[in-house]
Amino acid sequence: MPQTLVSLEATAKVSSPCEQFTQAFRWMLFGRLLDEKFATLYRGGKIHGGVFLGRGQEAVSVSVGMSLRKGDVFAPLIRDLSGRLAFGEPILDAVRTYFGSSLGPMRGRDGNVHRGRPKEGLVPMISHLGAMIPVVNGMLMARRFQKREGVGATCIGEGGTSTGAFHEALNQAAVEKLPLILVVANNQYAYSTPSSRQFACDDLIDKAIGYGVDGHAVDGTDLTACLKVIGGAVENARNGAGPQLIIAKLLRLCGHGEHDDAHYIDPKLKKSTLGRDCLKVAEEQLVKQNWADSDLIDRWRDEFHQKIEEAVALVQREPGPDPFKENWQAISSTHLVEMHNGI
Amino acid sequence: MPQTLVSLEATAKVSSPCEQFTQAFRWMLFGRLLDEKFATLYRGGKIHGGVFLGRGQEAVSVSVGMSLRKGDVFAPLIRDLSGRLAFGEPILDAVRTYFGSSLGPMRGRDGNVHRGRPKEGLVPMISHLGAMIPVVNGMLMARRFQKREGVGATCIGEGGTSTGAFHEALNQAAVEKLPLILVVANNQYAYSTPSSRQFACDDLIDKAIGYGVDGHAVDGTDLTACLKVIGGAVENARNGAGPQLIIAKLLRLCGHGEHDDAHYIDPKLKKSTLGRDCLKVAEEQLVKQNWADSDLIDRWRDEFHQKIEEAVALVQREPGPDPFKENWQAISSTHLVEMHNGI
Amino acid sequence: MSITYLEAIREAQAKALADDPRVFIYGQDVGSFGGAFKATKNLAQEFPGRVIDAPISEDAMIGSAVGAAIEGMRPIIEIQFADFSTVGLNQIINNAASLFWRTNVSCPITIRLPSGGTSGSGPFHSQNMEALYAHYPGLIVMTPGTVEDAYSMLLEAVAIDDPVIFCEHKYLYYHLKAEKLPSEAMPVGKARIARPGRDLTIVTYSAMLHEALAVAEELATEGTEIEVVDLRSVKPLDTDTVIASVARTGKLLCVGETFPFGGVTAEVIARVATEAFDLLDVAPQRLNAKDTPVPFHPNLWAAHRPTARSIMSAVRNLLQN
Amino acid sequence: MSITYLEAIREAQAKALADDPRVFIYGQDVGSFGGAFKATKNLAQEFPGRVIDAPISEDAMIGSAVGAAIEGMRPIIEIQFADFSTVGLNQIINNAASLFWRTNVSCPITIRLPSGGTSGSGPFHSQNMEALYAHYPGLIVMTPGTVEDAYSMLLEAVAIDDPVIFCEHKYLYYHLKAEKLPSEAMPVGKARIARPGRDLTIVTYSAMLHEALAVAEELATEGTEIEVVDLRSVKPLDTDTVIASVARTGKLLCVGETFPFGGVTAEVIARVATEAFDLLDVAPQRLNAKDTPVPFHPNLWAAHRPTARSIMSAVRNLLQN
């Protein structure tokens, strides 16, 4: 099992627009293909519990993951597979957690999107929306105490902005002037609920001023824009400008989870520019700019397919957790664990 | 014990600027004097628990109470004695609740500022800041179902804007386009905590746009301005304009509670216009406009003193609750009350 | 025709909406979508304007239900998963639960909590919250374990003038079926002898009822007769029925699905021990989940909560005494 | 010199800050003001930058403590009143409490909850929250009842690698005094025989300890020797010491200050009944507050929670058996 995040170094060194865009596209593609694999496995009854895809949100997610460096903090949410990969999460972490392999970082104790490596800056989410934002704040406060550098980014949906947790944490970050990058993917729906039932401001970006933080709006279907705006916001935070709120507009191109056929999505939205598939848009740009041709992209696709199949094949042979070897110990202070009968 | 709010009728009929201002001033004065009585009783050890004053906030509070009509909802907070009186809360409700009289609306079960008459639109607060805002929302939603009219107002401090409850409820009101008037008294401190440690926006009014609600700023030391701005906002809500957020700036002219000497308050603030005493400012205006002279004001003072002394004398002779007559029943469904030993 | 536990919940809500204009439903995705579990399927269409999608704001949802109740409505709040009620807990235990006691104004709200473990749901979509809510004065906590109870108790929950926490078990949603909906019901607050027996009493509720019944059935083939008491509501808790059963059997096992410290099984054992000590032939026992979060992987999940197998072994131990 | 329970808490924090650069304090008004109860008096001045005023955002406060702990800090969070921890409860029970189990990364945070009833404080400034927190796996719940324990257990709380809910009792803040601070302490997780006796065991903790001791003292004048067990921490709960005491006395009364359903007294009775049934001569008993919110008026408050008087009457009843 890889003990550290793998690909941060590579990512951090990318510099030219071509290199950066190409690299970003590759992570998007990788994420998309891995998501699709999870969906297939889900339909085949191979995965317990839910499967949640980032389809349509890869440009945003990848831009977050790529803008971060080793030593930064990333607390992804359910649709951030691509961003995780770009940040350096090993593909095996993802596959193992979906299968509940005892070799994965969550050891079968938690599953699917609830994975991470806190000590390496990749924070595993709990389900309660908004709950991870203050955790990132605290990690950044710790760095300030410790005189260590680093910024922290986290993602949430527009539905999550209605939680008290979101509000308290963004306000806390503003008061403490923390280098927090809070990325809201406004994908128009929270499960089945349209934005009109979620908030009443014209645009979520209008919230920035009320918190006293920088606000950035971006077309979430456009990778170039995402890299620029999100990358810029991360730099601002790094340079001491305090919290950065980013609102990316796009459309969820899948069900809430793979159990959901998303029949409720307004067809007009699907046809609008919001409904564009960021991966296709990026692929077209890539080809148009002559940074890659369809042959090369096919080779990448094959490369990723192979990696994915290898990982899945490997993990499917791995043992699930053994309840008899499990110590059933919820605290680390072994001497304080209750071992009584009723307990 | 008066079974209903007493003075709403009177209030509602006030019309000319002179009448309105004079009436408002009288409620402010009444509230101030009653507050001072509670402070004296507290210092004399006659009151159990805390005493919280509205000193310096009477203009704002009274403007809320006076702008509401019978059938409206008011959920006051700790510094709203004047607004309560203007809304129609009998002075006896206040005195009885501070003393824990069994004849008061809370029957000694709850105390001091935790009083009200929910069925008459006066909602008794719980202590958790922000928690009353959604309750008002729900009362307004009910009216919509029932095709009944009415608006709902509630007050909070600038510290309370940092709670998740505040955020969720204001957003909820905006999504539901409820006739909620949310009055924030930014009195510069939350207990000892200055605003700089509470929020980072330039002005709390900047929050309105992010919720998609109307925002109104007002000088909380100026009764004329308060009556106009708060009254106007209430009318807007009544006319279907949805939630109204009002930010009144002023300074808390007392301790957080009477146990607190407020030594931490910045002397510069005290000397600034924020630090003006709204009651004095209003008295000066009253005299300047020739709406009253100091003789008349003294007579009012005597009138209120007498009412207060009478009420206190009456309540001090009233019985406290008798634990043996108490039914100790937390639910109204008597047949479902647990009467077992351990319970 | 057959009807599932989940359908019974839908039908109860349909009937409540049809019978009482004061009833409305408020929750995330409960409107035209019909709810995450489809417990409100078609209700928004059948009762226009009365089944309302909420933002992701549990505190505001429940707070507004308290307000609506003050004004004479009878809101039903659906929390998408019981686990998420933690962020609405303050409104439940401090606002809703204290209203009547403080003001003499009752607070008729029903909060539906899709509860309990299902395979692969993990630590944050599997919790049972009855211990937290039963601890607080001012609440009624229902834990129906049958299709019939899901239906009739939900109707009663809406009719009761106090705040009701309605813990409906997700594992039973599709697994449990009945022939038809009941037209009569036992009153709330009364436990049911789900299976009579003379040798040992198992007290339980909700999904664990069926694990207990499976054990009783198996042991019956060996001639051992287990009495299974279904609490139905954990607050009020029907101590009389429990004690009457212990009086018959002399042996008590209490089974709950959730975390071991405090909570319902401790309360049951404590009541029997303090009030009916002399009726016990041997030490009473209890069986709960393990004292860790609810695990994701099916292997771990199956070992974390009690099952027919672990109940069987506890029963055999007790019988040997 | 004499030192109060409250001063002991201040001193423990001063020592923790002085000894360990990873420690910081975060809470409303804890900075230059020194906290609503003055538990952090002068600490901001003595340890610049390490005692920080928080906005009124309990969820964010506790969430950020989890983050800081991940990065190696040892935050102490002061919640202004235990009652307000309800709005931070989700971060406590779902985020802090699950971190180690899910990720193998420990979460050393201390959450100080000024707890319990004082006259005139009413329903929302008097609560004891230990039942809610002890129910959830992953937390340690301390309930010191002496000045010495307030000091040494708070130091241990900060040193422990897991989230600790530190329930300090407001009634004891000024009422309780000791000669000096201890230099040694019993380990956390061990109960103390606060007073030895042979006739009956009272198990209790926190403020109720002193009500129980008063009863024991009075009865001693009649020749009846009550053994008083101070649990010190309710999770872990030192069942062995409790059972050993019951083995000596054969009679058990468990006293808690808070609401009756579930919670610590039910847990203690359930453990003794299930694990030491045969050591009991008579039915064990418990005494809790009444099942209503905590009342404001002193008359009601005094009748709501157990007192020396009601404990005395429960003890006499038990002794007559």
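A, B, C and D label the chains in the order they appear, each numbered from 1.
In the analysis below, contacts are C-beta pairs under 8 Å (C-beta built on N, C-alpha and C of every residue); 3 or more make two chains touch, one makes a residue touch a chain.
The structure displayed is predicted, hence computed values, not measured ones.
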Intersection of contact partners for subunit B and subunit D: A, C
Most remote chain, CA-based centroid, reference being subunit B: A
Averaged-CA centre spacing for the pair subunit C and subunit A, given as whole angstrom: 35
Separation of mean Cα positions, subunit D and subunit C [Å, integer]: 30
Centroid distance [mean C-alpha coordinates] between subunit B and subunit A, Å: 45
Computed distance of Cα centres, subunit D from subunit A, in Å: 40
Residues of subunit D whose C-beta touches two or more other chains: 54-55, 57, 59, 83, 86-87, 90, 94, 97-98, 101-102, 123-124, 137-138, 235, 237, 261, 265-267, 270, 274-275, 286, 290-293
Multi-chain contact residues (two or more partners), subunit A: 106, 109-110, 114, 126, 128, 162-165, 168, 171, 175, 197-199, 329-330, 338, 342
Topology of the chain contact graph, where touching chains are joined (line, ring, star, complete, other): complete
Residues on subunit D engaged by subunit A in the complex (per definition of touch): 24, 50, 54-55, 57-73, 75, 87, 90-91, 94-95, 97-106, 137-140, 160-162, 188-189, 235-237, 239, 267, 270-271, 274-275
Subunit A residues touching subunit B - in the complex, by the definition given at the top: 162-168, 171, 174-175, 177, 196-202, 204, 206-213, 242
Residues on subunit A engaged by subunit D in the complex (per definition of touch): 105-107, 109-110, 114, 116-119, 123-124, 126, 128, 131-143, 145-146, 164-165, 168-169, 171-172, 175, 329-333, 335-338, 340-342
Partner subunit B, residues of subunit D touching it in the complex: 28-29, 31-33, 36, 53-57, 59, 81, 83-84, 86-87, 119-125, 260-261, 265-266, 286, 288, 290-293, 295-300, 302-304
Complex contact set, residues of subunit B against subunit D: 47-50, 100, 106, 108-112, 114, 126-129, 159-160, 162-165, 190-193, 197-199, 264, 320-324, 326, 328-330, 338, 342-343
